[in-house]
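In the two complexes below, chain A is the common chain; its partner is chain B in one and chain C in the other.
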Partner chain A sequence: MDTVVQSLLNGALMGCVYALITLGLSLIFGVMNVVNFAHGDFVMLSMYFAFFIGSMWGVDAVFTPAITFPLLFIVGVVAYYAIIDGTLRQKYVTQIAVTVGLMTFLRAITQLMWKAQPRALPYSLIQGSIHIAGYNIMLSRLISAVVSILAIGGVSLFLSKTWPGRAIRAASDDLDAASLVGVNYRWTYALAFGLGSALTAIAGGLLMTFQQVDPTMGVRFGLLSWCVLALAGLGSIPGLLISGIIVGAAESLSMALWDPRARSLIVYLIFILVLWVRPRGLFGRK
Partner chain B sequence: MKIKATTFNRVLLGVVLAIALVIPLLIRTNQYNLVLVTTVLLYGVLATAWNIIGGMAGQLDLAAFAYLGLGAFTSGTLLIRWNVSPWIGMILGGLVATGFAVLVGFPLFRFKVREVWYALTSSALVEVLKVAFVMWEDVGGPVERYLPYYSFSLYHMRFGTYIPYYYIMLAILVIALLVNYRIGRSKLGFYLRALGEDEDAAEILGVDARACKLKALMIYAFIVGATGAVYACMYGFIHPSFFSGARSTEVAILGIVGGMGITYGPLLAAVILVSAREFLRASLGGQMESLYLVIYSVVLILIALFRPQGIAVFFQDAYRKLLSRVTGDEHVLKANTPGI
Partner chain C sequence: MSEILRVEGLHAGYGKVPVLRDVSFHVNEGEVVAILGPNGAGKTTLLKTISGLIHPTAGKILFDGQEIGGWPPHRVTKAGIAHVPEGGRLFPNMSVRENLLMGAYGNRESLRTGVLEEVYEMFPVLRERHRQMARTLSGGEKQMLAIGRGLASRPRFLMLDEPSLGLAPKLVDGIYERLQALRGHGLTVLLVEQNIHYALELADRCYVLENGRIVLEGTGEELARSEHIKKHYLGL
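Entry: the complex of A and B
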């Protein structure tokens, strides 16, 4: 019983980070209906950036998002104007071909620069663990979860209170009507893509406090975030958080109770089942 | 002298086939090059088979190596355990892959899982199978299982050289192309292309989307599954890493950049891109380990951006010009029909 609660706790904390990653994906997919296969590799890229900055200047991984967030935003905007913009009017398969190309490109370029071996930062300020009622909570995971939730809340505020945020939501609801009231769709799309990519920078910095990174990592985060998105459906930010926690907890439970190798199995099975049984997700509007 | 278009086509096909038949004899001493050309053919087979479900029916299947792995494990296990010939294992492997395709495809199409969600589900399936086979110690497991070695045994489909594998793969490729060609001109083919264009519209016009898509998936799975048996024999072992998501995605990408729904498009893409990739890998190897992938991915992006109809279009133009020159018929230049 103790292991169950313990792994549920760990998984739920991890799930908050998953939710943050998925928020970026859901901005990109929900707003411009672009299928981004490279999203997981943006996570991988930002983890490498965190590693690079952390090891070069001795900055703690938690603080790297201060630099990697704008960096990833620029990468996202450049990626949008360079390749995504040209495929908006194409069939979705062309978009997938392009983002798969981007995925391969990111993976190859990180391999080229940092070689294939896993990289990790030596230590983080937020080390150690705290004990509550006999359960062990890793401080790094707890802080990661809290920061993720704060970031999700921040994005949620940005989307509902500021003009650019409202423009993003308007473009997602009805592009033609939004264009009529003066929303420049290309800027809005670029902003959404940039923001979606930049969110992975926060997640990447947080993940680097307790994980290592290797170039093949993108696949896992890519499918994982699509799974969370399928479970949550489009349009509900709290739903995203709950789904992230469900997926994280399921992953962690299957590792503790069944077999460590089964973690991805459970995630993908949830994914497939959700698509069969409830295609618009648990909390989806569309 | 004027030549008929059909004669011209036959001559062209004959020349291509003759070149394909002669290649391994020219490079027979270099086993590495033989593996390369066989790999090109392998991707040609996979992408050509993918054309049925992906190119025609518009279902972006990313699970080619799931079916391939199932075929490889079926025939490999039969050979290791019960000494069953891979020639029989090929059929059985194809059937197992087809069975799996029905098992997966039926609910997917029943619940109208489409487009990106279909793509992601199939992609997830590859990973599910990989983990399942790693955990299933009786058949898979984390260690390679080696097929018995023979320097030349037709019964066991085990040869000391790669030349026979090349010809087997070539035969499968010809079969896959013929199947593709036949389907493309049958009622099923027209239904599938209608589905690929616009699924809702096709259904309103009375196309049974579920049945057609399932048929396409089954044919595709059978061809790929049967190829899996040859794949296992060629490499001499079976291992869960056969279930590779990245390689499955590559098959789909070859199908897309080759030209969706064009019979020879995916093969063309496989021949050009896979050989270019392997050439880059071989010539850049060493200190610039992943540079070939950087170049490869940039080329993929450029093709997808600037030639979304696929690279087969270039060859169609060249083919038409050649045809009009040879036959003296100007109309072929303007004809709006797919080539060969």
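Entry: the complex of A and C
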């Protein structure tokens, strides 16, 4: 019983980070209907950037988003203008080919730069753990979860209270109507793509406080974020957080009770099951 | 009277399918001009071409003497044209107030001059519902919000695409009363309608569009007396 609760706790904390990663994906998918296969690889890239900055300048991983957030924003905007923009009015297959290409490119680049073996930062400020009611909670995971929730809240405020945020929501509701009130769709798409990518920088920095990174991680995070998005559906940010927690807990539980190698299998099963039983997700509209 | 919009020899369509053929007309400042015509004539296509959602294949669109044909819609809006599209096309997952705010997106200056207050005075039901999601509104309320959103940028030129579409006659009366009031304030309006009785009454001048061509023009009274209109539109 103790192991069950312990692993649910760990997984739930991890799930908050998954929710943050998925928020980035849902911004991109919700606004421009682009199925971004490279999203998980942006997480991987962010983790490498955090590793690079952390090992070069001795900056703690948890602070690296101060640099990687704007960096990934720029990467996202450039990727949008360079490859996504031209495919928007083309067939779905073309879009898929382009984002799969981006995914392959990012993976190849990181493999060239950092080789295939896993990399990790030697230490983080937020180490150690606290004990509550007999359970052990790693400080780094707790702080990751809290920062993720704060970041999600920040994006939520941005979307509801600022003009660029409202423009993103309007464009995802009705692109023509948004253009008619003065929204420049290109600019708004670039912003959504940039912001969606930049959110992975926060997640990447947090993950590097307790995880290692290798070039194949992108696939795992890609699958995870698509699974969380399918479970949540489009349009509800609290729903996204709850779904992230569910997926994180399920993944963690399967590792504790069954086999660590089963984690992706469980995630994939949830993904398939949701698409089959409830395609609009638990909290999605329509 | 000075001219605010002039369309000359306009051709436009979807892909290779032509819809508008050699359309020419003009609207003077302060006028209400109606474009009438049967379903499929190309009325919606005409408004979409003016607001930039469709590129013209030939011809000119002059707004205030400036060629705006082919401009992207966000630029056209900022020049002072508001287009209330067919069916309203609200932002369903945004509140009534946010829809109105978005209406002012291209000219946020207007918010400082109390434009929301004016829209709420014109359509009090929108004030009551200002926190509700637009998707939860009734058909009549949706149309009011669509018009309100169009007015929120304080346009110099308002284009309305079938504001009576799908509404019960009583609601249409209400909408047209507000449009009469707007006209009293000197707003220039280009109105597209199939509901010809309302249009003939409101408009200073009308053009009749059939099969993508303008086939008739005249004042509301002149058209009401025309044999063509009587026979094909009024069923007399």
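Here, the second predicted complex is superposed on the first by the 285 of 286 C-alpha atoms of A that agree within 3 Å, B and C clash if a C-alpha of one lies under 4 Å from a C-alpha of the other, contacts with A are read in each partner's own complex, and residues count from 1 in each chain.
The definition used in the following text is that a residue touches a chain if its C-beta (ideal position, glycine included) is under 8 Å from a C-beta of that chain, and two chains touch if they have at least 3 such contacts.
No experiment lies behind these values; they were computed from the predicted model shown.
In the superposed pair of complexes, A:Val146 makes contact with neither chain B nor chain C.
In the superposition on chain A, A:Ile130 contacts neither chain B nor chain C.
After overlaying the two complexes on the shared chain, residue contacts for A:Leu157 are found with neither chain B nor chain C.
More residues of chain A lie in contact with B than with the other chain of the pair chain B and chain C.
After overlaying the two complexes on the shared chain, residue contacts for A:Asn184 are found with chain C alone; chain B is out of touch. Contacts of A:Asp173 after superposition: chain C is touched, whereas chain B is not reached.
Look at A:Thr104: by the touch rule set out above, it reaches chain B but stays clear of chain C. When the shared chain is aligned, chain B comes close enough to touch A:Gln90, but chain C does not. In the superposed model, A:Val277 makes contact with chain B only, not with chain C.
No residue of chain A touches both chain B in one complex and chain C in the other. Against chain A, in their complex, chain C makes its touches with residues 51-53, 72-74, 77-78, 82-83, 85, 89-94, 98, 101-108, 149, 153. Residue ranges of chain B in contact with chain A, taken from their complex: 54, 58, 60, 107-108, 111-113, 115-117, 119-121, 123-125, 127-128, 131-132, 134-135, 245-246, 249, 252-253, 256-257, 260, 288-291, 293-294, 296-298, 300-301, 304-305, 308. Residues 163, 166-167, 169-170, 173-174, 176-185, 235, 285 of chain A touch chain C in their complex. Contact residues on chain A toward chain B in their complex (touch as defined above): 35, 37, 83, 86-87, 90-94, 96-98, 100-105, 107-109, 111-112, 115-116, 219, 223, 226-227, 230, 259, 261-262, 264-265, 268-269, 271-272, 275-277, 279.
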